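In the two complexes that follow, chain A is the common piece, with chain B as its partner first and chain C second.
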Partner chain A sequence: MPPPWPLRLVNLGAAFFLIVLLFYFSFHQLNYHWNWASIYEYRAKFVQGWITTILISASSLGLSTGIGLFFALAQRSRWLALRYFSKIYIEIVRGTPLLVQILIFFYVVADAFHVENRYLVGILTLACFSGAYISEIIRAGIESVGKSQLESAKAIGLTRAQTYRFVIFPQALRQTLPPLAGQFVSLIKDSSLLSIISISEFTLNAREVNSSTFSTLESYIPLAIGYLLLTLPISMWTRHLEKRHRFNT
Partner chain B sequence: MNMIVHKSDWRIRSSPIRSWLAAGSLLSLLSVLVFSVASCSTKTREKLVVGMELAYPPFETTDTQGNPTGVSVDLARALGAHLGREIEIQNLPFDGLIPALKTGKIDLVISSMTATAERAQSIDFSEPYLKTGLCLLVGTNSAVNSQDDLDQAGKTVAVKLGTTGHTFATRQIKRAKVLVLDKEDACVLEVVQGKADAFIYDQMSTFKNWQRNPETTRPILKPFQEESWAIGLRKANKDLMPDVNRFLQDFRARGGFEELGDRYLKEQKQAFRQMGFPFYF
Partner chain C sequence: MNLWLDRVTKSFDGQAVLNEVSLRLDQTHTLVLIGPSGGGKTTLLRIIAGLEHPDTGEVVINDEALIFEEESLLKHRRSVGTVFQAFNLFPHLTALQNVTLPLEKVHGYSPTEAGEIARQLLARFRLEGHTSKQPAELSGGQRQRVAIARAVAIKPKLLLFDEPTSALDPEMTAEVLDVIQELRAEGRDLVLVTHEMGFARQAADQIAVLVEGRIVEFGPGAQVLENPQSERCREFLARVLKY
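Now for the complex of A and B:
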């Protein structure tokens, strides 16, 4: 039973008011000359950057889920070489900074293979980076399914593929959803690092506006709101999915 | 079965009265806190904090030990000696210098910054202390020989974020594509790998970047826009301006700039004199 709505509303209002008050106080202390008019002139740049960020994030989100799934299964493969390969890939990607990966991928690897499109390289790098994390999340989800279940599956004569399809995945899905949502949210934020190879996404465009108007806060506050508009729906959607899958298993 | 209380029942965790009370007391506590501290005054400091981006040798850079060094660092120290105040160097990204100055995090900008009309709307500039110009670094095999060759469809121009080259490109480059990068090194790399046709930057750095990549790049040092560097001050800080200008005058008269040029820019000085380009503080 949820709490009655007036109580919910008041408490939500109180929490919100608290946060607003905190920021109001901090900004009040700053004694800053606001200049929103200069930012408004650049609104097209913000919108264009925001859309680029959505496109890049969405593409690498889909791609990284595929990569993550592949490497999660590869780690449980019967071929030892494939298992080692995925282990090495995951450790290297998770252990090195994304900034370095982007630079090496773009200026060394992509240059060697004559891939000139920096957007493509950006999406691939981001997908590889995020894919390593997602594969670990999926692996953890798969391993959370108890051994007795696998033995039961074997006992009733399910094949390996059937075991994955009907026993492991439905249960692993619920375990993986919360960390997966977190990973997707950080993927969107990590896409801002692609600005170093001059991909004109949201962050780079905000920085360009900042460098030509010198209105730092006015450029970065819309940036924060823009990212929040992308990440909040993801959190809400996965919460909804979690609820739906709660009694399925 | 009715005895089992579901986990998500909110009553387990909080009674309604407690919830109301908690919300109310938190609010009043924070309100008191905010309005009592809101009247605090801003602090003054003895030290002069000078902001610069230590990524522009030989003007602003770090030595092997990681200490700031270069023309601007020496200039800042000489200014401190002149004013009798201690100097603290703060390393900030170039596009963060003006915001830092505006919000009072630093007191002066000495970072090879060109005094432009746009920047002058946000901050004040001292008398200029060095004159230079924008020019091009192009690939060895590039057909680009001037700014006009560059501004063609299908051409790509690299610029560094927040520099006058960036401003110039946004205004004057109409047909070519502009690549905005964070670091000077990345801009040079784009030209070296042929991803960009040219990099718009100042003469001294272009010369230096060409010397580092003589096989892959070629400088077109003829400036297409003259600029002069100055020290940046906060608009509210009117008292400091006459002191800074007097110092610059004094420093020039003492031959301080000549000395700095000989110490840090000997090679450039000779090369520019041979090529007949103006080079002076």
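Now for the complex of A and C:
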């Protein structure tokens, strides 16, 4: 039973107030001279960067889900070589810094394959990076489905593909949603690292504004808010989905 | 049903579970498998269900030999209904959807037809008020009746029960046995693994007693239970009928 809404509202207000107070105090102590006017002139640059970040994140989000799904299934494949390939890919990607991956992808791999578009390289790198994590999340979800369920599916005569479609995926989905949401949120924030190959996304643009105006906080606070505007809805949406896919075991 | 088993052998990790089991049933409706735990009853049932490959031996059901390779086993599994000990319903689906899933996805019924068949069966098993509940909201006995409805819905040539009441309390056991008795009265063909000796006596046309991977006694129900010939079977019955 959730507490009644007035009680929730009051407590939410109190929590929010506490956080605001903390920040207000900190900034107050700093004795900082705000200069929002200079930042306001660059508003178009912020918006453009923010939209680029959305486009890059959304593309790699879709792509990385596909990659994750593929490697999750590949790890359960009958072909040993494919299983090893997925394992190696996942371990390498998860064990090395994204920064290095971006540089190698951009200056070595993309160059070798004559991919000139840096945005495309950025999206692919990010998708490969996030795909490794998503693949592990999906694999854990699939493995959480009990053996007796697979047996039941077999007994009623479902094929392998039907078993995944009607028995495994719907049950794995619920296990998968919370960590998947976390991964999507990380992906959006990680896209800021693409600034090192001069993709003019949100972070790079904010940095450029900072170096033109020398108003550091004024440049970076909108940056934080801009990312929150993207990540909060994802958290809320998955929480909603989790509720919808709830079942008791 | 006609059920012939010819020297069926199965071992797990070098441990023989079934040791040259042979059996011949002609025109029998109900075969009950009894015996001590680990005697091989469940494995034998699973082989008949097409869920397990024997190492050697042959299984012939209604004059058709089972071919133990995936494609024909899939076809075979689609023609029999299996009910497990632990219910094994799908927890993310309602009672009704549990029954309609194989009808729609495996047997090609339209959603309306499948819903109609499922509703009728669930009503027959006294579950009409529970069709839209998920398994977790049902009692053990209700769940097992849904599982039976799922198995019966596809009009199987053979119904297989693997200890369908071992996870239930006596009252729920009675609910489930009532349903099985009803199916028997309809003249359906059943193979049943059970620990309920009283029910075995009532329901079985033929009883096979499996001890250590061999059939030590086989014959009409009353004869096996009241006048067993083998020492092994007498020992087993003495133990289970003691209390």
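Following the convention adopted for this analysis, the second predicted complex is superposed on the first by the 245 of 249 C-alpha atoms of A that agree within 3 Å, B and C clash if a C-alpha of one lies under 4 Å from a C-alpha of the other, contacts with A are read in each partner's own complex, and residues count from 1 in each chain.
Heads up, the rule we're going with is that a residue touches a chain if its C-beta (ideal position, glycine included) is under 8 Å from a C-beta of that chain, and two chains touch if they have at least 3 such contacts.
These figures come from a predicted structure and were not determined experimentally.
In the superposed model, A:Tyr40 lies in contact with neither chain B nor chain C.
Once the two complexes are overlaid on the shared chain, A:Trp237 sits clear of chain B and of chain C alike.
Contacts of A:Leu30 after superposition: chain B is touched, whereas chain C is not reached. By the touch criterion defined above, A:Lys154 reaches chain C but does not reach chain B. Of the two partner chains placed by superposition, A:Tyr84 touches none, neither chain B nor chain C.
In the superposed model, A:Val167 lies in contact with chain C only, and not with chain B. Once the two complexes are overlaid on the shared chain, A:Leu22 sits against chain B while remaining clear of chain C. Touched residues of chain A, counted separately for chain B and chain C, are more numerous for B. The part of chain C that touches chain A in the complex is made up of residues 49, 51, 74-75, 77-78, 82, 84, 86, 88-92, 101-102, 105-106, 134, 136-137, 150, 154. If you check the complex, the residues on chain A that touch chain B are 1-4, 7, 10-11, 14-15, 17-18, 21-22, 24-25, 28-33, 107, 111, 116, 195-198, 200, 204, 207-208, 210-212, 214, 216.
On the chain B side of its complex with chain A, the touching residues are 6, 8-11, 16, 19-20, 23-24, 26-27, 30-31, 34, 37-38, 40, 42, 95-96, 98-99, 102-103, 118-119, 121-123, 158, 161-162, 166-167, 170, 179-183, 186, 189-190, 193, 195. Within the complex formed with chain C, the chain A residues making contact are 148-149, 151-152, 154-159, 162, 166-167, 170-171, 174, 245, 247-249.
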